[in-house]
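Before anything else, here is the set of structures, which you'll find just below.
The same subunit A turns up in both complexes below, where it pairs with subunit B and then with subunit C.
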Partner chain A sequence: MLGYLVKRLLRSVITLFIIVVIVFVMLRQMPVEGYFNDYDNMTPEAVQNALQNMGLLDPIPTQLTRFIKDFVRGDLGVSYRYRVNYPIAKIVADKAPLSLTFGGIAMLIGLPLGFGLGILMARSKGKWIAGIGTAYIVIMQSVPLAVIYLVIQLVFTSLFRIPLLYSSSNPRTWILPIATLALPTIATYGLWLRRYMVDEQNRDYIKLAKAKGVPSKFIWYRHVFRNAVVPLVQLIPASILATLSGSIYVESLYSIPGMGGLLVDVIKRQDNTMVQALVILFAAVSILGLLLGDLLMVLVDPRISLTAKTRTR
Partner chain B sequence: MENNRILSINDLHVKFSLRGQVLHALRGISLDVLKGESLAIVGESGSGKSVFVKNLNGLLDNNGWIDEGTIMYYGLPEEPEGINLAQFKTEKDWLRVRGNHIAMVMQDPMTSLNPLKTIGSQLCEALNLHQGLSGALAQAKAVELLRDVGIREPQVRIRQYPHQFSGGMRQRVVIAMAMACSPRVLICDEPTTALDVTIQAQILDLIKDLKQKHHLTTIYITHDLGVVANVADRIAVMYSGDIVEIGTCEEVFYNPQHPYTWALLSSLPQLGKKDEDLFAIAGTPPNLFFKVRGDAFAPRNPYALAIDFLHRPPYFEVSPTHKARTWLLDPRAPKVEPPPAIKAIGNLKPGGEQV
Partner chain C sequence: MKSIRDRRTEKLANNVSEYTEQALETIRKMQETAQTPEELKDIDELSEEQMQMLSPEAFSRVAFDKAQAEKGGYSDYSYWGSTLRMFFRQKFPVFLLCLLVLIVAFTSVQPYIPGQRDANRINDNEITGVPDSNVPPSGKYWLGTNAIGQDLWSRIWFGARTSLYIGFVVAFADAVIGIVMGLLWGYVRKLDFLFTELYNVLSNVPQTIILILISYIMRPGMNTMIVAMAATGWLALARFIRNQVVIIRDRDYNLASRCLGTPTRRIILKNLLPHMVSVIMLRMALSIPMAIGNEVFLTYVGLGLPITIPSLGNLINEGRKIVTVPSLHFQLIAPAAVLSIVTISFYLIGNAFSDAADPRNHV
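Our next item is the complex of A and B:
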């Protein structure tokens, strides 16, 4: 177990390192305007001086080592255009918890409901109730989310007189964004769980379990659901962590000051250091999500052997 | 005869609905299974062997149904007059007999165990259901069962997962699982098809031993005549959803009457004969979406009589234990010599009086 852990961890670190190098080197090729707020009014000497002070004229390897050292300490550098000379880590620390809270709660609600939907649809395959589920999933998957979100906002704010915009002091305003975020999650997990359960249901070992007289309610939960959930488990940590980057639509719709749209924003403003920091941060989070997913798989699937080859006799 | 039957199937018709069409999979099967015997059902793929036994434990696919006929089971102590399995509708009905009366060993041991559960927990599941054992008692019983089916170090193996077992070992586990329910009838649906030839004999011996020890009635389904000769007391030959010939092992092998049985036996490769093409039955089985007229085998049968194409033959009795559905046995039929290969088998009969 420990050997596997170390190996898997090492691989994640190497992946992240490669990403850091590529992103860092590529962003150094960007125009130097991206480091100044009033570039047009600066003399070439002033620009050179400023670049010198920022350390941007040092050889790339030196800059890279410095960046990585800071990154490990949690320092993502400072923003030069989005918020002048403000530490990027602080910007993220302000916004990320909000996105994570909304996303996390939405996952917490959406996951069990999605699983419930999947089980219900698998068990009622071919009946009208499964048809309703399918309709819901198809709508969620095919209608652009922006449209769905807008409709929800319009209908519910007028129907239940919920204030339109998010306010941290009014919990009622949290309901809609969370519900809105949870809806597609329910559809996705419902869709996949149903599919895997239908697959499992036709396996030989299910027939054998029936033949040995196991009542179907046990078959559904002990065998079909248990086995169908395995391929989904791997995705869960990654999708929880992915909520860190926030949802552009939902957050802008309800004016939630979260991470949603931040990356797009700083790309538009050509804030080089911030683009670099955010891309690397999101990459790190995805890698962590995959790592956790793999480790979780080890717990739920005994076929993944941790130590060398197991003997087959 | 009456009291030594454990199962009695009478005129069983099973139909399937497929893409809006109705497939007549079993066309009137009648069969008595005797207590403690070993019955083999042979026939080519698609002849309805598996469909037939699925009726015995209610595992018929959802699009299939029993159209007609009765399946009497005489093993329930509270139903001395027998209970008609064909009338079972709900799962609750079936749970009375599934596993603890009629157990099953399936074809492919590689897929018939849950890959995510330990062997022990899968065995204990059955023990818990049928013998009410749980915890340490169930564990101990499971270890005993594994030892019974010839698995070494059962205390260790019980905590392992199916992927840590080889194919033959998995089939032993599947058999242990069937035995965990202490059944009276064990259905073995091609129990050795997916195994190495070297392992096949071991598994068959194991089933034979368990049958002796626990007074089981065994029903084998197979298309391997080698297996049949090894294990069966009686043989039922199926073709197109019908039993065309049934008799003791000796009768069917050495004195077959139905042209289909002849063809089946002729298809057996003979050892030590070089440069001779293997025999194959010409044509294909009839399409069961359509009504079969006359004898289903007639179009492929070189010995077919005109009447074979018009009327379905009844069973003709060859001996009290041996009957076949072919017009050739009618007293009015012309005398037909079985093909040479069949006579050759007849000559092999120990002490061989030739029929």
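Our next item is the complex of A and C:
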């Protein structure tokens, strides 16, 4: 287990390193306007001086090692356009909790509902309930989320006379963002749980259990559900951590001052250092999520033993 | 008294003699009917003396015919025939397919129909000379106009054309890159490590981040968008093909094929790829709605096409601005409806087709 842990961790670090290098080198190719607030009013000498002071004229390997050293210490650099000379880590620290709260509550609602939908669909195979569930999943999977979210915002705010935008003092404005965030979670988990349950249900041991008269409730929850849920457990840490990066759509639609909207703002203002920091941060979060998912999988399913596999070989 | 066993033996013996008699009877009948060689259909029915009597002129040597030889190996089962038959049995997907064909056909002929307005023209009112802005749907403007007086009907069809074009190009690119990469990955053992690492890095990062990064660095436009989407779109297909190749490559029939000197190209095309047709088709069908969704996403983030090239993403994005004004909601509803119909159709057709293309469902 420890050996696997170390190996898996090392792999994640290497992946992250490659991504940092690629992103860093690519963003150095961007026009230098992205580092100044009032580029148009500056003389070329002033631009050169400022770039020199920021260390942006150093060779790229030097810049890269400096960036990585800072990154490890939790320093993401400073923003030059979004908020002039303000540390990015502080901006993120201000905004991430809000995204995490919204996403976390949405997950808390979405996960049980998704599991419920999956079980319901697997048990009522071929009936109208399963048909409705399938229709819902197809719509969530195929129609771009931007459209779904926009239509929901449009219809429900006018239907229930809820204010259009988020305000921290009015809890009524929190309902719609959380509900919309939960919708795709429900669809994803419902879809996969149903599929895994239907697969599991056709296994020989389930047929045997039926034949020897095990009560159907017991079969469904102790055997089918428990085995079907194992592959889904792998997704959960990544889903929870992904809420940290916020939902770009929901946050900008309801103008929630979180992380997702931040990325859009920063791209529109062409703040190079912010884009770089956020992209790397989001990538790191996703890598960490997948890592935790793999580890959780080992804990949950006793059949998966990653070290034993190598030993038998 | 006879034992049960004896009785059974007796019965068996009776049966056997009965059958023998029947058989002899049939043979006798056959011989009676087959008097002359001309009436015979099968050479096996001839007795030895009759064979002696046949004249040698009636026979000729059969030359080796490759087509005939190959024929023995195949049944009259046709893969694509069965696939299509299975597909057309499903009513709803076929209906959606017809709908899609109509939409695609209409978007391509729409600009040539007389009386259509240019999608980018600002329409002035004939009487006042002021642009007809925010006109609700009417006889003149079927779907109304937007804030600066452009005809939404034309814009929606122009937009659908742009989005479908992006979708088709991306789907094609994904399939080509995915198949080539997957085959290299699976077949060339030296490249396995490289590809596995590449896959690990690319699949660890959210696709949206890669999309944003590439679009941010390159100049915004149609090609940038296509490159950004194709950069990650091939991953899933390549991985699937790689796994299949590794599984199937060393099966006995492929070993036999290799021993018989079949070139690798033919093994790949004839022995490996047919296994994967259903998944390749599914991936292609699903990458179209995905590409359309990504286009909406990139436009939404501000990295999309300029307003002068209407796309469904642009129209949805413009619709965002009028969300506060209930009387203008028609500007969002129409593009959203077209977008939903197109994406749902591709998704469902893809799934139905992939079910039909799976040979296990052909029985």
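Rule of thumb we're sticking to: the second predicted complex is superposed on the first by the 292 of 313 C-alpha atoms of A that agree within 3 Å, B and C clash if a C-alpha of one lies under 4 Å from a C-alpha of the other, contacts with A are read in each partner's own complex, and residues count from 1 in each chain.
Note that a contact is a pair of C-beta atoms (placed from the backbone, for glycine too) under 8 Å apart; a residue touches a chain by one contact, two chains touch by 3 or more.
As the structure is a prediction and not an experimental result, all values here were calculated from the model.
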Which of subunit B and subunit C A:204 touches, first, second, both or neither: first
Partner chain in contact with A:230 - subunit B first, subunit C second, else both or neither: first
When both partners are placed on the shared chain, which of subunit B and subunit C touches more of subunit A: C
First, second, both or neither for A:7, with subunit B first and subunit C second: neither
Partner chain(s) touched by A:127 [first = subunit B, second = subunit C, both, neither]: neither
First, second, both or neither for A:213, with subunit B first and subunit C second: first
Partner chain in contact with A:222 - subunit B first, subunit C second, else both or neither: first
Partner chain in contact with A:302 - subunit B first, subunit C second, else both or neither: first
On subunit A, the residue positions that both subunit B and subunit C contact, one per complex: none
Contact footprint of subunit B on subunit A as seen in their complex: 203-205, 207-216, 218, 222-223, 226-227, 230, 300-303, 310-313
Residue numbers on subunit A that touch subunit C, as the complex places them: 11-12, 15, 18-19, 23, 26-27, 29-30, 138-139, 141-147, 150-151, 153-154, 158, 164, 242, 245, 248-249, 252-253, 263-264, 267-268, 275, 279, 282-283, 286-287, 290
Interfacial residue positions of subunit B with respect to subunit A in the complex: 57, 59, 91, 95, 98-100, 103-104, 106, 108, 111-118, 125-126, 129-130, 161, 163-166, 169, 174, 177-178, 180-181
Sites on subunit C touched by subunit A in the complex: 200-201, 204-206, 208-209, 212-213, 216-217, 289, 292-293, 296-297, 300-303, 316, 319-320, 323-324, 326, 329, 332, 336, 339-340, 343-344, 346-348
